[in-house]
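Labels A, B, C and D are assigned to the chains in the order they are written; within every chain, residues are numbered from 1.
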Amino acid sequence: MSHSYRLIVSCPDRVGIVARVSNFIADQRGSITEANQHSDLVTGRFFMRYEIRFDVDAPPIEQFRDTFQPIAETFGMDWSLHDSAQRKRIVLMVSRASHCLVDLLHRWNIGELDCEIPCVISNHDALRSLVEWHGIPFHHVPVAPDTKAAAFDETERLIGEVQADGVVLARYMQILPPGLCRRYAGRVINIHHSFLPSFAGAKPYHQAYDRGVKLIGATCHYVTEELDAGPIIEQDVHRITHCHTTEDLVRFGRDIERAVLARGLRWHLQDRVLIHGSKTVVFA
Amino acid sequence: MSHSYRLIVSCPDRVGIVARVSNFIADQRGSITEANQHSDLVTGRFFMRYEIRFDVDAPPIEQFRDTFQPIAETFGMDWSLHDSAQRKRIVLMVSRASHCLVDLLHRWNIGELDCEIPCVISNHDALRSLVEWHGIPFHHVPVAPDTKAAAFDETERLIGEVQADGVVLARYMQILPPGLCRRYAGRVINIHHSFLPSFAGAKPYHQAYDRGVKLIGATCHYVTEELDAGPIIEQDVHRITHCHTTEDLVRFGRDIERAVLARGLRWHLQDRVLIHGSKTVVFA
Amino acid sequence: MSHSYRLIVSCPDRVGIVARVSNFIADQRGSITEANQHSDLVTGRFFMRYEIRFDVDAPPIEQFRDTFQPIAETFGMDWSLHDSAQRKRIVLMVSRASHCLVDLLHRWNIGELDCEIPCVISNHDALRSLVEWHGIPFHHVPVAPDTKAAAFDETERLIGEVQADGVVLARYMQILPPGLCRRYAGRVINIHHSFLPSFAGAKPYHQAYDRGVKLIGATCHYVTEELDAGPIIEQDVHRITHCHTTEDLVRFGRDIERAVLARGLRWHLQDRVLIHGSKTVVFA
Amino acid sequence: MSHSYRLIVSCPDRVGIVARVSNFIADQRGSITEANQHSDLVTGRFFMRYEIRFDVDAPPIEQFRDTFQPIAETFGMDWSLHDSAQRKRIVLMVSRASHCLVDLLHRWNIGELDCEIPCVISNHDALRSLVEWHGIPFHHVPVAPDTKAAAFDETERLIGEVQADGVVLARYMQILPPGLCRRYAGRVINIHHSFLPSFAGAKPYHQAYDRGVKLIGATCHYVTEELDAGPIIEQDVHRITHCHTTEDLVRFGRDIERAVLARGLRWHLQDRVLIHGSKTVVFA
């Protein structure tokens, strides 16, 4: 049976990185089935993602890591190695809008999203039955102005309890506290219902309607402490005209949001998104 | 020979407008070959554009206007009537970048843009030969910090001299003075090289690069006194990735800019764009 | 309470139709809230769709029909009048693939698709639980080579029993018998997983892969006796590259299929699709 | 001064190719500034394109080739090495339609297309002045039914005389003879004005209009002896509605054609397009 690892690297660019890494992989008898590289000419940083298949016995992942460590040190690499068969554990958080949740659960159900969903957390109880129909535990954690701190403590406890690798805010309409953002930096994905940086904050479709733009959009990004300002993973747009009301914008928006979120999450699950300062490298 | 008029109306919405107007047209023996209507439910305003063909003798346009005037008064209409065969006179203004100019002149040359181009005005002399090859007068009006007022006086004199119906800023990199904006309100079209309202002002592609957006865009809009804030006519976007440098963004941008400007101008020439406050109704 | 009717007309084009119809509506004290017209210059046929609102007492629909009949006769109209509040009854037919069904049921559930779904019919039992979770009856009608005729008799009986206004083949992988196609002409909508007319028939994504196209698509069309040749309602495409396998094409395709089908069905439900020979007029 | 080579390889896939090649490049003190690889899992073939920069003295290209030859033999490579500074010589062929020609000449003029254009050949004299304004020789080679053979002999002589690396049929409405197709296999690019494989042959926009498709397209492909059947390089589409006449389709089509051709040609010039049987690998 074949086995597959993913090697993710970022480091200062210099001559010989690819040669050194690809030699190492050949020495381990691995085949590179997918290779992505990027040299950022402005920052001088190099990024790579290798999907490595072993048709015969793969070296145990810990042994692979230990053998690779000296190379990583030589080049000053930030790096990680993932077993492609090891599915990430992703907690979904939602409010009352169901479109992103239905879409993600469907994709997960038919095997399009390669992750575990240990639970769904919501500040409303409205989507319980949908979630439980999929055999996934549902936690209702209400968030009121005066119970916010306790609610987010409970939220973080639930996330920790299931040993989540990441969190997806699938139209969860609350702002996460800064501490949670920091502790899960690079692991919380949000979908914002505008084409950022336009129309950050509340009611973006109404803002778009008032400005009279001819395209509306949605943005999937990593959550940082600054609202709607984290590294963008994916965006898309939909054409509108003067005929369309804000209700139409909201309706079109649902389709863009779920598509953009699903693409962004899929890439994240496959370790295709590398954060580079306030931006991302996406080996889609 | 058939003859064609365009009737453009906006007024408070109420029952019976279409009946009254279409009866009038039938009485004049006109055929409605294209009809567009829009009721804005938020502002209660009604917009219409009728293309009216006369296969037999058309009433003279002044007589048509006089006969329609009482109807217009009844409904409190802002309205205009255009002879479709009467081409608008459009002055193009450019700086050094040629892509929008080449595109517009080509479309004009093959009959895609139904207008006269009485002259091209530029603050540089670089594009003279291209313009003159098309048989169009070229005026070089340099704009230096200390000669700005005089330069724009001369610019407005040239525009007035050719009795221009409108002006297109085809990547003219200077800000027009407020007086000129006011006197030609609704008749000056600009192409801005970003997806507004994101990245207004200078160097939008560099701003887009720094923010890490995944799509870049361009916006065609009417010029108002406030920079890059006028009613939007048309927008479009192009997908980019982390691979692309600012030079790539500028290159992709050229294609979006010229496409968006050409569409916006074409609609303007055909009286398809109705200004509605800070927005537009576009009967494309 | 306001009330709304939709008037759908097609007839030979001639002067005065709009005047006559809009007068009639004004006489009935109706407001035209949305008006669409199209004159086909090649065939000389005229199409219109009026959404008519009555703020005071609406005339009963039968009375409206009777009063309009003489006008319809004068102009030789094919016409229909619909009460906008009267939801069409649509039977969904599926096989094993769930993506279109999940999408349609979700949109229906949140009020985006203005129809009744009296039942779902499938030649497999796989999607029963999903359908029943939505509170909709599910009928398993297996189709084997030697039971085909009986199966389609039963299918048509079920469709008749619920008095369906239309049928949606939401990736139902069987070919309907000619008689059923004829009896429900203009009322059966199919989603084909290619950009027709390319790749009609079986395994279109494999055909697309083999040809090396750079975009794949899906097509929503009315079903006629000739396979994949009926009037096209809506199409869309998705960009692919040499990197993508047929599995990737199938995956991307699911997203295009469900989007295209949902748009096509929505327009059909709102009486926005008028069949014109082998083509459609879509007042989207 | 830095120097840059492009290494293009295709060969049977096996372990160690990347390691062997990247080692070789590191040994030559080259930096890989852009790397693209593709493993076709169906055919088992491997493709790569490396952009290699030398900041110090680059090895002469012949020496680089000789040193690489043994590696190429080991892996059974089809390969080529290009000096990135060496611009290809491309002959443009046109008929009467100017849109693709104007676009290509403009891009060439502002440095977007990295090639020489030694001459333009046309079966009409209409575009002579445009071409000559750009300082490029123009040859009028009329093609009449009874002079076809002689005309194509002359065409091929002209192409040979300027030592062209390739030919672009920029809406050249004649079919090239099989011999010419064979002798310039993989080096003649055509733009076809439909979304192939739909609507091959004559008058594709009319075919599209008659079929009632909702999107029209254009296809850039390598010319082979079989009409409109060569490997596809790039395609794109534009949305249309029932409102649009064939004249509108032709007009929209001009924009798609020139955009698709320009992208395809640019990739070809940068050795980004690798032919793989009847398909292409495009490292865009």
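Operating definition for what follows: a residue touches a chain if its C-beta (ideal position, glycine included) is under 8 Å from a C-beta of that chain, and two chains touch if they have at least 3 such contacts.
Just so we're clear, the structure is a prediction, and the values are computed from it rather than from any experiment.
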Neighbouring chains common to chain C and chain D, by label: A, B
Counting only C-alpha atoms to place each centre, which chain is farthest from chain A? B
Comparing the two chain pairs, does A-B have more C-beta contacts than B-C, or is it the other way round? A-B
Based only on mean CA positions, could you tell me how far chain B sits from chain C in angstrom? 37
Cα centroid separation between chain A and chain B, in whole Å? 42
Flagged in chain D as touching 2+ other chains are none
Quick one: which bits of chain D touch chain A in the complex? Just the residue numbers, please. 15-16, 18-19, 22-23, 25-26, 29-35, 37, 39
Chain A residues touching chain B in their complex are 38, 40-42, 195-199, 211-215, 217, 231-237, 241-243, 245, 276, 278-282, 284
Which positions of chain C touch chain A when the two form their complex? 98-99, 102, 106, 109-110, 112, 133, 251, 255, 259
